[in-house]
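Okay, so chain A shows up in both of these, paired with chain B first and chain C after.
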Partner chain A sequence: MADTAAPAAVKPKVAFYWCASCGGCEEAVVDLAEAILDVVGAVDIAFWPVALDFKRHDVEAMDDGALLASFVNGAIRTTEQAEMALLLRQKSQLLIAFGACAHLGGIPGLANLWDRESIFRQVYAESPSTVNPEGTLPQTRSEEDGRRLTLPGFYDTVRSLDQVVPVDYYLPGCPPTPKIIVQAVQTLLSGALPPQGMVLAPDRALCDECPRKDTRPEKLTTSEFKRPHQVLIDETTCLLAQGLLCMGPATRAGCEALCVRGNMPCSGCFGPTSRVRDHGGKALSAIASIVASNDTGEIERILAQVPDPIGTLYRYSLPSSLLRRRRREAA
Partner chain B sequence: MPQISGSPNGRPRVGVYICHCGTNIAGIVDVRALSEHAATLPGVVVARDYKYMCSDPGQELIIRDIAEHDLHRVVVASCSPLLHEQTFRNAAAKGGLNPFQVQMVNIREHDSWVHADRQAATAKAKDLIRAAVRRVALHRPLERRRVPINPDALVVGGGIAGIHAALTLANAGKHVYLVEREPTIGGHMAQFDKTFPTLDCAACILTPKMTQVRAHPNITLWTYSEVAQVGGYVGNYEVTVRRKPRYIVEDLCVGCRECIEACVYKEGKTRDEFNLGLSKRKPIYMPFPQAVPQLVVIDPETCIEFKSGKCKKTCVEVCGDRKAIDFTQQERVETIHVGTIVLATGFKVFDAQRIPYYGYRTYPQVYTALEVERLVNAAGPTSGEVVLRDGRRPESVAIVHCVGSRDENTNRWCSRVCCMYSLKLAHLIKEKTDAEVYNFYIDIRTPGKGFEEFYNRVQEEGTHFIRGKVADIYPAGDDRGRLIVQAEDTLLGKVRKIPVDMVVLAVGLEPRPDTQDVRRLFNITCSTEGWFLERHPKLAPVNTFTDGVFLAGACQGPKDIPDSVAQAGAAAAEALALIDAGSVELEPYTAFVVEEDCSGCKTCIPLCPYNAIAFVAETKKAAINEVLCKGCGVCVAACPSGSITQNFFEDEAIFEEIKGVLAHA
Partner chain C sequence: MSRTRTIKVDYLARVEGEGAMYVRVRGGRVTDVQLRIFEPPRFFEGFLRGRRFSEAPDITARICGICPVAYQMSAVQAMEDVCAVPVDPQVRALRRLLYCGEWIESHALHIYLLHAPDFLGYESAVHLAKDHPAIVERGLRLKKAGNDLMTLLGGRAVHPINVRVGGFYRVPTRRELVPVTEQLKWARDAALETARWTGTLEFPHYEQDYEFVALSHPDEYAITEGRLVSNQGLDIAVREYEEHFVEEHIPYSNALHSSLKDRGAYLVGPLARYNLNFDRLSPLAREAARAAGLGPTCRNPFQSIVVRSVEILYACDEALRLIAQYVPPERPSVEVVPRAGTGYGCTEAPRGILYHRYTVDDAGFITDAKIVPPTAQNQKAIEADLRAFVDPRIDLPEETLTWQCEQAIRNYDPCISCATHFLALRVDRE
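Up next is the complex of A and B:
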């Protein structure tokens, strides 16, 4: 890695880019409020399509490594996103996966339960609100009245950023919290870089910073999994102890238990700790271990109360899990 | 990957050894192809195949290579690690490696023995070796731990097995706590009249051992007591014993039994458990005259003082200055510390009422064998007279074998003792009554020392043997009140109906009804039938899967007296070996919580089958007691944040192993 200490007079250049994402990560940058002024004061934003009018050719014109850091949010599901990831990798000394989608594949990654064909069929033909009598599907190249139109290619499989290009650091969260972002920027600007590949958040599970930690009984079992809309949730007791499927024990801390403080169970957006390869698998084994029965039928009944196990346990991490995607049946 | 200076790429230098195991492996697997393949694997600096790796020259090969090739890791592809892991660990240690930097690959039980296709078996062996080579690179050096052994021992159960184990340990100078549930020790043997095949009087050989127990300076005898809780681990068990109140001050009672005489009940009204209800006892009683300890007991269920508080208390009166009776006595709970535990909790006899067509408790002429033991016993309810409940002496007696044994509807196992005790009872009944005795048997099994000779003797005495399983027992309807015993004689091929005055059911042996509770208490396992499970049926017959807990007598399976005594001696010897070693080495495959990583979510705590994990209030994190941990890995798998690591089974190593298996050449 190149020397990152910038000369005092020249502010280091950074870029922000979004791939398959909802825009929440962009909001998170804006949400820094006054702190954004510190960031803007310390760096020169050279590329940020959401906010500033620089184009791709501006980036292409840069020298390799001209950017100190690129913050890329969103998963990779189109050819254009992959190209931009490669381009920014080339131009940046540090590439940072920003937010759960870039980090783990995120919510768009749940598309890995299907493939391009079934997604197109659903979106462009079968969904109730679609009117498409000619059955038009997106084409990478098409011609209309002599005009040529190109669209990015759409992959079968959604990938996290590091499944496309090497990533230096990860900022977890859906989206990353202001505190996490500011700390990360400060760390990067300080020049004292943490070991490559690190997730820039504490490497412990959320229970560590959960205000309800002390209320979890040592022997916790449940014979019912409830969903938040089904119960009046007590505001002080451990959510798992109330039968709510909280991903806290399996999820990296750093958000200061935002959702739990808002009386909602953790949904796992910070991903697993560095020691866990498969977030959903670990969460499942923790959840399964509190089921209060030894009877197969009863266990099945209790676990059937989790209506969407993959969407619950792998909500943010399917592409980066050991599963990665649903098996494509041989054609 | 650990970086090792002076080796290629900083990788550990691995030696791979492939065993032919004669033709066991080499007959199916192409061992030469294996060593050639292994030599190409990353990190492997030497790969050999050899006829018998476990032989001295085989081990020498490893030791020499460690020095000559500067090996850091060793992979041996041979048999099951159960057999020779220790052998190769020791060889590596002799060569100067940490013994845990050895990995075994089982290409015999897992490969050559279960496959017939040479090519496929060779390919499978290659996969397994590749996995081990990748895994072994990540092995960390581990140390076995030593923990001291408390020399005191606990024996649970005061039957002949428990008595013998306690005496053996005590004679070796160890302090023994002998805990017995009943008011006296002696167990089933105390109820027997004679013992087969020598016809020794059971009491004559048992009671001296019972009094030895009482008098032994190294034995603390707690009767009428039960183990309530067991904590700790091998060498360091903490045991809580509940001592039921007998309402008698043990130090003051001299066993004179005057109180029994003086009881306001002139006659006993309560079923006498020791005589199986063939006689009655009073609320204050001694189970039998030679009971040890020589102490009476008050049964609060039937004692008038307990019932109404208005008894004249003639017992207290006669006890006088001895002041040994104390109606206010309470249950006491004692906590003791022992290093080893011998379980000798015995058996229960089959409840003959479970086979309704044998008429037990329907026809008064039907007895169980244990009841007849009491009848023929001179100290029994009939002073040794074999008489029916109506006082008549039987002129014909049927002994029905295999009641609750070798029977698909009740218990499938052979109870091992019934043939012999039936022969013994046949002899005793014949001797005492001169009755015609008919043995209805499926097979006569007399495999012990002197057993077959005894069988011949009983045959010569004129006892009848009918080979057939009894199908029905019903009244003959004659004026003698006889019963018809009906069976198909499989030797004659016809149905026999024999009228008899008395039927003896040779009931089998069963696990005690509270076996599962006891099993949990001592953290051991049971066979499907409910007998306590030994660690190995042949090579570790008195050990359990819990270190420091041993088995003696019929709690492990049906056994006669000599076998129980032999096993009790073996259990005591195993305990002594542990005690005299002074300390015990524990395998290092334990799990540990990385405190810095733990979030304190408590997921692991209730999952540990050994109660080895505690939540530490100060740190708000989990901690594993290394000595309690058996390395089962449950917590490691369950820890949602991956903060528990298990020695030798670290995630990285396992993933490397998986990759190795999947990386087909």
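Up next is the complex of A and C:
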């Protein structure tokens, strides 16, 4: 179907890169399956370390803005990731934060509940079965027979991509769903660019597209928060109406309520809508509003049933929250 | 006359993650090999402290987007061990079925998109697809069969959402499993063809006397449970793991290096499973292995691509058997009451054994977590392999040597996102 008479149009160059992430976002791209071959046909993938043998110096050699778009997933935890984010920002017309970690900090961002030193000690020295009598910790520089070896340094605080470089668009989700990826790629290739800074998913709450929407009572109240492992969950009724903590009211739509369809409460990976600054704060206010009591003691008793509030309400968004991290104790 | 040459490749591409490899050559001999790993497992062990026991499967899945089921399975097993929860046999069968999906998709990804280009002389699967679109399309479709099975049982293929301590959030009806059956039959044929095709690839002559470590189960090719055994006499329960294995921290790497106490390096993954459990593969899988030129033992890590093909075939066969025998459990999960204690879990991730241990307090909060992913366990074996592999090939042109070294590392399907990130290969000759 290619028009052989016309001079071959120069295909737009794109890059994929990962920082502190799990590979699931890369996997989500590969899982476009047949569609991935179409995407590969429409663009020139100039950098994608997980799949192609291009190297960092290939990117460094590019002109500024040579890449139409870079899709970066993962949070920023090391100096090396920050350098790559800056490099790709410089070489790209559009920088897209791909997935929950780049968008909000993601699950690796829960490390902000601790500081670097205590995590180092726990992981490299104190955990049982780890043999480390001298307390060796990772070194950014080490000498081996006169040869200097280097490793990237770790920051104390995990950051989202836009806390390091300006970001043009965001693709939410852990990982983003095939549908929103394909829509985003089509939008970017069409040239009709949406307003800068947009999250490329519907700007409304997940409850709006939930298959159980009609079972949600008009006045939702609960006098108890149940834990999913203690109850048999009904497969058709609104999870909040069953007293289960579902992040749906505070979370952006676009996943088509994947978790709820699997009978599991939403855990919030798409982040908040554009009207909300702090995802966990919004979730807390949504929860507080359904507590069926006006008695302070009773309200406290009910809210105390929410275990690990930070890990639950800020599961994907701690680095991008107003507080960003747990306050360090004064020494 | 002495001369120093350095080959530097700043990333080892086509592994799921990145790291660095340094090879030192002096006087025509390899004197030092170091696998450096830049990005550790994002310190999950650190921030799991304080989370609820019930959240471990979902949080640890985010260590690896390629093998999330492995993380979920080792985590639920450990938590069910803490809480002494009996698992319904049909729930167990469904978990095994979900795991089959992950083996299929993960192995198909590695064989077709990451490893095969090495053998066929292509830079990547994208380049391979230009000349051999049918091969890459078969790989993608095979991967999709695994993904679809995971999606059916787990809601989605990356980070399935259905697994919970005590069972599942919801279980499928028998009827829901029908559509995937046809697809799995196609996949079984495609896996047969994959085994035949990978058997025709050219393998360097290279064998090592590894200590293989894998789970072993009397009645089945172990995936979700078994005893930890080796070809050199190890035979222990999972909870005895820490009496026999240690992890050391080395300043040049951010990932811990595992070894067997007093014995050193060992190898986990498809090759280990195949060698230890060959007789528990399905007859079809054993037959395909023989037809592809493998005996019941295989010590050439380059042939792991064939073994992965055989394991895909087995996973398709096993999935079809599990579906045929499936009767939905009476309830998707049982009630779990947290209690203080320590629990252990170990399952066969696509890349090898994945060990979890958690200590939980009486309110159900995690106070301590230990996770040992397969790539951390293979690091020493990878270093030993590079040393033995490079020695007789020291005079090869650097580009060829570098390529072959990268290929030797890719034999392990190193999921450096589990153990790490970032690999530079550096051969320093003098």
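Structural remarks
By definition in this document, the second predicted complex is superposed on the first by the 322 of 331 C-alpha atoms of A that agree within 3 Å, B and C clash if a C-alpha of one lies under 4 Å from a C-alpha of the other, contacts with A are read in each partner's own complex, and residues count from 1 in each chain.
Just so it is clear, contacts are C-beta pairs under 8 Å (C-beta built on N, C-alpha and C of every residue); 3 or more make two chains touch, one makes a residue touch a chain.
What you are looking at is a predicted structure, and each value in this text was computed from that prediction instead of being measured.
In the superposition on chain A, A:L161 makes contact with neither chain B nor chain C. Applying the stated contact rule after C-alpha superposition, one finds that A:A286 touches chain B and leaves chain C untouched. After overlaying the two complexes on the shared chain, residue contacts for A:A253 are found with chain B alone; chain C is out of touch.
The partner of chain A that touches more of its residues, comparing chain B with chain C, is C. Looking at the shared chain after the overlay, A:I107 reaches chain C, while chain B stays out of its contact range.
By the touch criterion stated above, A:A46 is placed in contact with neither chain B nor chain C. Looking at the shared chain after the overlay, A:V276 reaches chain B, while chain C stays out of its contact range. After overlaying the two complexes on the shared chain, residue contacts for A:C174 are found with chain C alone; chain B is out of touch.
Overlap of the chain B and chain C contact sets on chain A: empty, with no shared residue. Every residue of chain C that touches chain A in the complex is listed here, in rising order: 9-11, 13-18, 22, 24, 32, 34, 36, 38-40, 42-43, 45-47, 49-52, 54-55, 58-59, 62-66, 68, 109, 113-114, 123-126, 129, 133, 136-137, 140-141, 143-144, 147, 154-159, 161-162, 164-166, 169-170, 241-242, 245-254, 256, 331-333, 335-337, 357, 363-365, 368-370, 372, 415, 417, 421-422, 428. Those residues of chain A lying in contact with chain C across their complex are 18, 20-28, 30-31, 33-34, 36-37, 40, 45, 49-57, 77-78, 80, 106-108, 110-111, 113-114, 118-119, 122-125, 127-132, 136-139, 142, 144-145, 147, 149, 151-152, 174-175, 177, 227-233, 235, 258-259, 261-264, 267, 307-308, 311-312, 315. Against chain A, in their complex, chain B makes its touches with residues 596-603, 605-607, 615, 620, 637-643, 651, 655.
Those residues of chain A lying in contact with chain B across their complex are 203-208, 213-214, 216-221, 248-250, 252-253, 272-277, 282-283, 285-286, 289-290.
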